[in-house]
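Across the two complexes that follow, subunit A remains constant while its partner is subunit B and subsequently subunit C.
Up next, the complex of A and B:
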């Protein structure tokens, strides 16, 4: 099923958000998508200094890159990640489950720092610098979002 | 005692430095917004995201902090100064903890910048903010202004 999702982007970074053009994305009706888009809409509207210092809103280019990346690494029924803004228009996509933690820091398009830690891992986790090949991250998303019961069955 | 001006490059940007006027036991405060709060089922509650320790990606970019001694020497109450919506909480280090982890702790006052409130007590922490270091920072810090029902880690 194809659904239309629309993100309204501010026309400029300012404290007061004016009516602005809407960008329409035609994408599959994925479970994670609605919540993710709603969160990203919040993050592109953050006021300058939102963090108490000089933080700016998440950039449009990082939002679009992130949505494209999620299309590649998530299945239709993957639970929505949590998304935290960065200081410089960057953002961090995070999954925290009973299986472990996965954090994808999108510094800018094609520059992603990925970190994965599984509860059965005694180390401090695995960290990768990624550009455009997210196949390893797709494996991590699957590992972290599948139910603990399914994960144990798969491992057995 | 007021801090000496920080070193700057040709563009006026503060150069990463360890300021001699920031003493080993001085409090170094990092504000936390509600945007930094995430839910983690492993602790069955909310905690702070590692994104709290993401430095600026700009030239000479560091992690923004507030210098507690400077705030208090100006006659202000530090907990009040660093807390007003939407900056709902804050965590605190002491300078020597950060330096022992290899970070530089410097001074970078924010004055007369468009769209920003002046903060003459603003500092920066520079260094390698790897995931392992961020985990370590969470172990070292404590709440300065706690956020209700949120754990540090």
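Up next, the complex of A and C:
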């Protein structure tokens, strides 16, 4: 959004940087990204009435907000969530694993309803209204996508 | 001379700061009832003071969110073809071309910039924010005429773009920037970006301050240091008042950081008043 006409390149760095022929070992392909982006690309192009009623496509702002949110709650090896469109441009991000359930309803940017239930939890789960801080959700994602209860039981 | 009217006493002040451009902006959900064909109606709101128009590529929505530490960004990998989902970004320019309003269906920004011989004076933040608030209220009234609704502002931003010029006679970058030390190395070039989280009074994150600095050249082929400070984040609520508060706080933070990260020697050159 900057409007100046300044040339913005380094004055002394005109030398061409050749790409390294080696594969950098620290580079990791994020497990969840490709599948998630593909799914969101589908949802943003839904036809009006896709649900048999008056449902509209998921909005661009909700898609981009969701991606920003996922970057802050998923590690590189987190399994991709299921993503379900809502009828008014909203969407729901879900993980259902042996460890529990996590549902994030992105109503609009800065308005997310989160519900989490862990298999070890006797209650009906925990619910939060979130704006832009998803630190707690990152813990929940870890809790249900890592260290499966089934594996723990088998080990015991 | 600086217009010190309403300027907070605690803020550092310079007679001749190296400012090249200032941007105040908000991002909002597309108002109900708005369609691309109505962009001309929006220009009409501002046309008296901004009679020129230019068309630019749209900006995609951005959001500051918090959680795990940064792992790089994936937003650039998207193939959504944002251009097909957002209409052009229009620049409504004043006659001089040194102030403009940027508009697309989910953004309204107000820029001041140096032009031509760079002699045009910065109108100062107090004047800019007052006019920006007026422009937001005009736009609010317009969207309310489409359908009874409040503007749903979800992000605010303020940027100060500094061009530290006249550095040819000074070989050490550390004469200008506190966070660069060239005592032990002969720096040939640099390009640096860092960000910090901004918390509210309840210690909850609300935004980020981003500092980007690098070398550049002016149109006259002189060497300069580009130093951009941006504060971006979510206002406390979706309202215009809340957005203006956020931008004012962002300005305070930027001015303080700029003073902290630049040297006394540089302050002397820019005529530090306090």
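By our rule, the second predicted complex is superposed on the first by the 119 of 156 C-alpha atoms of A that agree within 3 Å, B and C clash if a C-alpha of one lies under 4 Å from a C-alpha of the other, contacts with A are read in each partner's own complex, and residues count from 1 in each chain.
Criterion: a contact is a pair of C-beta atoms (placed from the backbone, for glycine too) under 8 Å apart; a residue touches a chain by one contact, two chains touch by 3 or more.
Since the structure is predicted, the reported quantities are computational estimates derived from the model, not experimental observations.
In the superposed model, A:110 lies in contact with subunit C only, and not with subunit B. Once the two complexes are laid over each other on the shared chain, residue contacts for A:133 go to subunit C alone; subunit B is not touched. Ranked by how many residues of subunit A each touches, subunit B and subunit C are led by C. By the touch criterion defined above, A:145 reaches neither subunit B nor subunit C.
Of the two partner chains, neither subunit B nor subunit C is touched by A:78. In the superposed pair of complexes, A:69 makes contact with subunit C only, with no contact to subunit B. Comparing the two complexes, residues 108 of subunit A contact subunit B in one case and subunit C in the other.
Those residues of subunit B lying in contact with subunit A across their complex are 31, 33, 35-36, 38-42, 49-51, 54-58, 61, 64, 82, 86-87, 110, 113, 115-117, 119, 122, 130-132, 135. Note for the complex: subunit A touches subunit B at residues 15, 43, 46, 48-54, 82, 84-88, 90, 92, 94, 96-98, 101, 103, 105, 107-108, 115, 119, 124-125, 127.
On subunit C, the positions that touch subunit A within their shared complex are 20-21, 23, 25, 29-30, 59-68, 71, 73-75, 77-80, 82, 85-86, 91, 100, 102, 106-107, 109, 111, 113-114, 152, 154-155, 157, 159, 161, 163, 188-189, 191, 204-206, 214-219, 223, 226, 228, 233-234. On the subunit A side of its complex with subunit C, the touching residues are 1-13, 30, 33, 37, 40-41, 44, 59-61, 63-65, 67-69, 71-76, 108-110, 131-135, 137-138.
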